[in-house]
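One chain, chain A, links the two complexes that follow: it is found with chain B in the first and with chain C in the second.
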Partner chain A sequence: MARIDMQGIAHSYIANPSSDEDFALRQLDVRWLDGGAYSLLGPSGCGKTTLLNIISGLIQPSKGKVLFDGKDVTRQIPRERNIAQIFQFPVIYDTMTVFDNLAFPLRNRKIPEKEVRKKVGETAELLDLTSDLKRRASGLTADIKQIISLGRGLVRNDVSAILLDEPLTFIDPYVKWILRRRLKQIHEQFRLTMIFVTHDQTEALTFADQVVLLHNGHVLQQGTPEELFEKPAHTFVGYFIGNPGINLMPCKIEGSRALVEGASIPLPETLAKKASQASGRLQLGIRPEFCEPASENTEGSFQANVGKVQNLGDFQLVTARVGAEKFKAKISIGERISKGAQARFLFPENHVQIFENEKSL
Partner chain B sequence: MLPVFIVVAFNSIIPFMTIFNYSVQDIFGPGQRVFVGFEWFEEVLNNKDLHAAFFRQLFFSFCVLGIEIPLGIGISLLLPTRGWSISLCLVLLALPLLIPWNVVGTIWQIFGRADIGLGGAVLKAVGINYNYAGNYVDAWLTVLVMDVWHWLPLVILLCYAGLRAIPDAFYQAASIDSASNWAIFRHIQLPKLKKVLVIAVLLRFMDSFMIYSEPFVLTGGGPGSSTTFLSQSLATMAIGQFDVGPAAAFSIIYFLFILLICFCFYSAFMGDGSNEN
Partner chain C sequence: MTIHLENITKVVQGQTHIFETDLILEDGSFYVFLGVTLSGKTTLMRLIAGLERPTSGKVVIDGVDASRIPLQRRNIGMVNQEFINYPSYTVYDNIASPLRIKKLPKAEIDQKVREAAKTLHMGDFLNRMPNELSGGQQQRLALARALVKDTNLLLLDEPLINLDYKLREELREELTEIIGNRDMIVVYATTESLEALILGGNTVVLHEGKVLQSGPAQEVFHNPASVQVALTFNNPPMNILHAKIIEAGGKRQALLADGTEIFLNGYLKEVPEGDFKMGFRASQASVYKDDENDIPVEGVVDLAELSGSETFIHVLHQDVALVIHEKGTHAQQMGQGIRFYLKPQYLFAFDDEGKLIAAPPV
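Let's turn to the complex of A and B:
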């Protein structure tokens, strides 16, 4: 087990990258603490798999260093780094039994057969594979194959980290849920560093203590799921996490208030101060979850035209409009609000964010 | 059903019926025929010359497979996997496949001559007394080398296609599991090549078991009968001596034997993976 530091990592798949566009990863620094459960989240093609392969050593980064517990391993091959990696497509050795599959990484390391048998037995026990040990691996279902892949990592008790590259893509939805829980349990039991790559926010937010959000080869934000939800550092984070994503409206600052079209929204003092000094393009952001219905005399509330109202079971999703700007609000089911009417809304001060050129202030 | 029946009728049942018809009759001329039952079959099965040709043929085919399959796998593993050199290699490799059989025979016949052929002259220069026209080992080896030269590329191309179809994740996982190159070959590449290898083995077996033009052009089956393989015996019997009865019986036995061996190969390859889909 190890703390993993990535310093100034950049990677391009092109031999002689000329512009920024040629890089799959652009200059990033990330620290993965020992024993953490991390999610690496981002849209397809943002560089997640590249980042993961750089950690495991399948790819040598064009620039920067990878450190395991402070030791530079950038030029080491995967075998020397002792990493476990599970791929999107379940990889098993078809001609071998489940037992031999699990034993494979140990036998390759020339571990005595007696020790191999013991370790494989333990791992199979842990993963509920004991009854399948003698079966040929090729006839098994995708989820069991994926568990075997995981087992090939766990069977080595000294792995530095377990990297999971969208491991649930080809798994049935129902089994997916069980498997995710299993992963979480294994993490809690062994406190192994786990990095879980996914483009599915639910998967990321339920699995991880820490989420790293990657976009266009940059780390946009790293933090707990709550932090990413409540204080997105970038408009993309706000938009990518949450369903629907954050409301963004161009705004002007006037004293301690933000003006969106006709509406005047009060801001906390420190935020107002920062925003008034900002010179870039300003946007006001608020999560639909935090928008509240208000009455005539609620301080800081404003009037808006209610557009669509969708009843989504435990809440209603309201689309409203101030001037030309639309926003969405999740309103509790008890609230009476109807299409085409005028209604008052409140954006609570502590949940309002101002973004300057897409970055949170 | 009907279209299938028509196709099968044209490409096998009707020609086969002709052969079967000949094989059970003794035909002296138009309108003069005698039903002889399985006499021709008995005669063919007891023919000593044919026995010799059969074992010669069998040995030849197994030599062809024994050389072409391992060598084909080996070379396909060495081919480049990226860049412009792929196309170059594939085109160069495919060239022998485009040459007609009898031209291959002619090429090697001249190439192997000590007086005007490069190959023969070189061997003579280094002191090897090589003469395919006089020495039966030389003749036999020349036919074998010719076949390998002509058909090895097919095996290479098939294996190369099989190798390229293996997803990268397998190699990555093997690298993570610290597998040696041998372990990668043994547990990933070879099992994944199984299906193309079945095709390669069957094609090369059938083809080499029916070899005709090359030895015929090279030495006409000689010296002696050292390179007289089954097809040539058959051709001599059917066209040379016009013994259509025994030739037909022989054809049927020949066909059934190829079918049997192919079935054995196929079962042996696919048998151990019966629970795979």
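Let's turn to the complex of A and C:
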């Protein structure tokens, strides 16, 4: 087990990079604490896999250092780093039994058979695989195969961290629930540093204590799921997290209020002050979850035109418009609201954010 | 066009892939095939498309047995999970290819290609090669090629599954608008219940080669015909508890395994005495009591998954795994006792075989 520090890491796949564009990762510092549950979240092509491969040693970074517990391992090859990696597809031997699959990494290291049996037995017990040990892996379902892949990492005493590269991609939604829960439990039991790479926000947020959001080779924000949801540091974080993402509308500041087309929205005092001093392009942001239906006499509410209303089971998703600006609101099922009507909405002060040139004020 | 699957079955090497199915697909309608992997969605689509023949029964298109219509004469568009485009053609030529096969005049091809490209936001990429496109753009291209043909039947087999989560969300929304007012039959296969709700239209719930239920999405969602439909059409799957109905002192009540009593009123009054299965959605249970009629139930926290905006609390109640979906963040200790509340106005009742007896009124 180890704390992993990445210092001033940048990476380019081009031999002589000339501009910023040539870098897949652009100058980043991340600390992964020992025993933490992390998610590395971002869209395709954001640099997630590059970052993961730098940790495991499959890639040597163009710039910067990787430290395990303070020790520089930047030039070490993957085997010396003792990282276990799980991929989209389970990497196990179909012709072997579950026992032999779990034993494989230990036998490879020439560990005495008695010790192998003990370790495999213990790991299987913790992973609920004991009754499957004698079965051939070929007949097992994809989710159990992924647990076995994980077991092959956990069976080693000395593993520094476990990297999971989109391990749920090819698992059915129904089973995803079960496997996600298992992964989380395994983390609680083993308390190993686990880094879960995904483009799926639900997977990322439910697994991690800390989420690192990567975009265009930059870390845009690192924090708890709650922080990323409630206070996105960048419009992209607001857009990428949440389903649908944050509403963003160009705005002007007048006194302690933000003007979006015809609507005048009250701001908390400190935010209004910061926003009035800003010189960049301003956008008001609010999550669909926080938009509330309001009445005539609700202080700070405004009128909007209701477009689409979708009943999505747990809530209604309402698309509304002020002037040319569209926003979405998640409204509870009981609330009566209909397409084509005019309705009043409230953006509660404490949930309104102002972004200047895409960055949160 | 109307397609009627008349009591078709499909058996492959002694294994039944599709059990006897009777289904009518009507012009201008949208159908979502909802089911887990291997539930029969793709096989059913291939049977509809004529790529496979049924073992028994027949596929009838506008009154004509489809086996008599050659495949190339059927006007069908199909988009799969994988992005299938011609790698050596530009985006323009990819979209134009089905029209060139039909030998349409050049000017008409040009107009249609540009129209389809515009609908799918591909107008700026007409000269690019497929490998210069992102995954989302490649799948849009495949869609453009299917749409440009003006087909009577469009089959979409989990077209978004290989895309990034966010792209999926965006393309899904676009799809409802692109397909919304076209004069054709659209069939869309998915494993995700939320997708079926967002897309709307008709939902056909499949499980192990059987059509369990079909009808307008909201109707099926609110009145799942069986426990299996309720499990498939909810994410997380609907919670199911065993219960017994007893008559005590002239009052009808349900008794849970741990002795919890629930008095039955309204729509639940007619549930007959004896064993039954009680269902409730994850979002219809809470760790907070917010109504005096809410029923307290005890359990043990298995795990809490926090997502920043919502929390999924996994609870063990008498060894049955349940999920409670709360808004906001609610940290819970593993292994700790927890009291949660059921809302009697939102309970579903299924009989011992799993058939729906009563659903909460909408």
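Keep this in mind: the second predicted complex is superposed on the first by the 345 of 361 C-alpha atoms of A that agree within 3 Å, B and C clash if a C-alpha of one lies under 4 Å from a C-alpha of the other, contacts with A are read in each partner's own complex, and residues count from 1 in each chain.
What we mean here is this: contacts are C-beta pairs under 8 Å (C-beta built on N, C-alpha and C of every residue); 3 or more make two chains touch, one makes a residue touch a chain.
Since the structure is predicted, the reported quantities are computational estimates derived from the model, not experimental observations.
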{"item": "Contacts of A:115 with chain B and chain C, given as first, second, both or neither", "value": "neither"}
{"item": "First (chain B), second (chain C), both or neither touched by A:228", "value": "second"}
{"item": "First, second, both or neither for A:184, with chain B first and chain C second", "value": "second"}
{"item": "Partner chain in contact with A:88 - chain B first, chain C second, else both or neither", "value": "first"}
{"item": "Per-residue touch tally on chain A - higher for chain B or for chain C", "value": "C"}
{"item": "Touching partner for A:310 - first (chain B), second (chain C), both, neither", "value": "second"}
{"item": "Contacts of A:138 with chain B and chain C, given as first, second, both or neither", "value": "first"}
{"item": "Doubly contacted chain A residues - partners chain C and chain B", "value": "none"}
{"item": "Contact footprint of chain A on chain C as seen in their complex", "value": "36-37, 134-135, 164-167, 169, 191-194, 197-198, 200, 218, 221, 231-232, 234-237, 281, 283, 302-303, 305-309, 312, 314, 323, 325, 327, 329, 334"}
{"item": "In the complex, chain A residues that touch chain C", "value": "43-45, 172-175, 177, 180-181, 184-185, 188, 199-202, 205-207, 224-230, 239-245, 287, 289, 310-314"}
{"item": "Of all residues in chain B, those that touch chain A in their complex", "value": "167, 169-170, 172-173, 175-180, 183, 187-188, 191-192, 273, 275-276"}
{"item": "Touching residues (chain side chain A, partner chain B) in the complex", "value": "53, 56, 58, 77-79, 83-85, 87-89, 91, 93-96, 104-105, 108-109, 136, 138-139, 149, 152-153"}
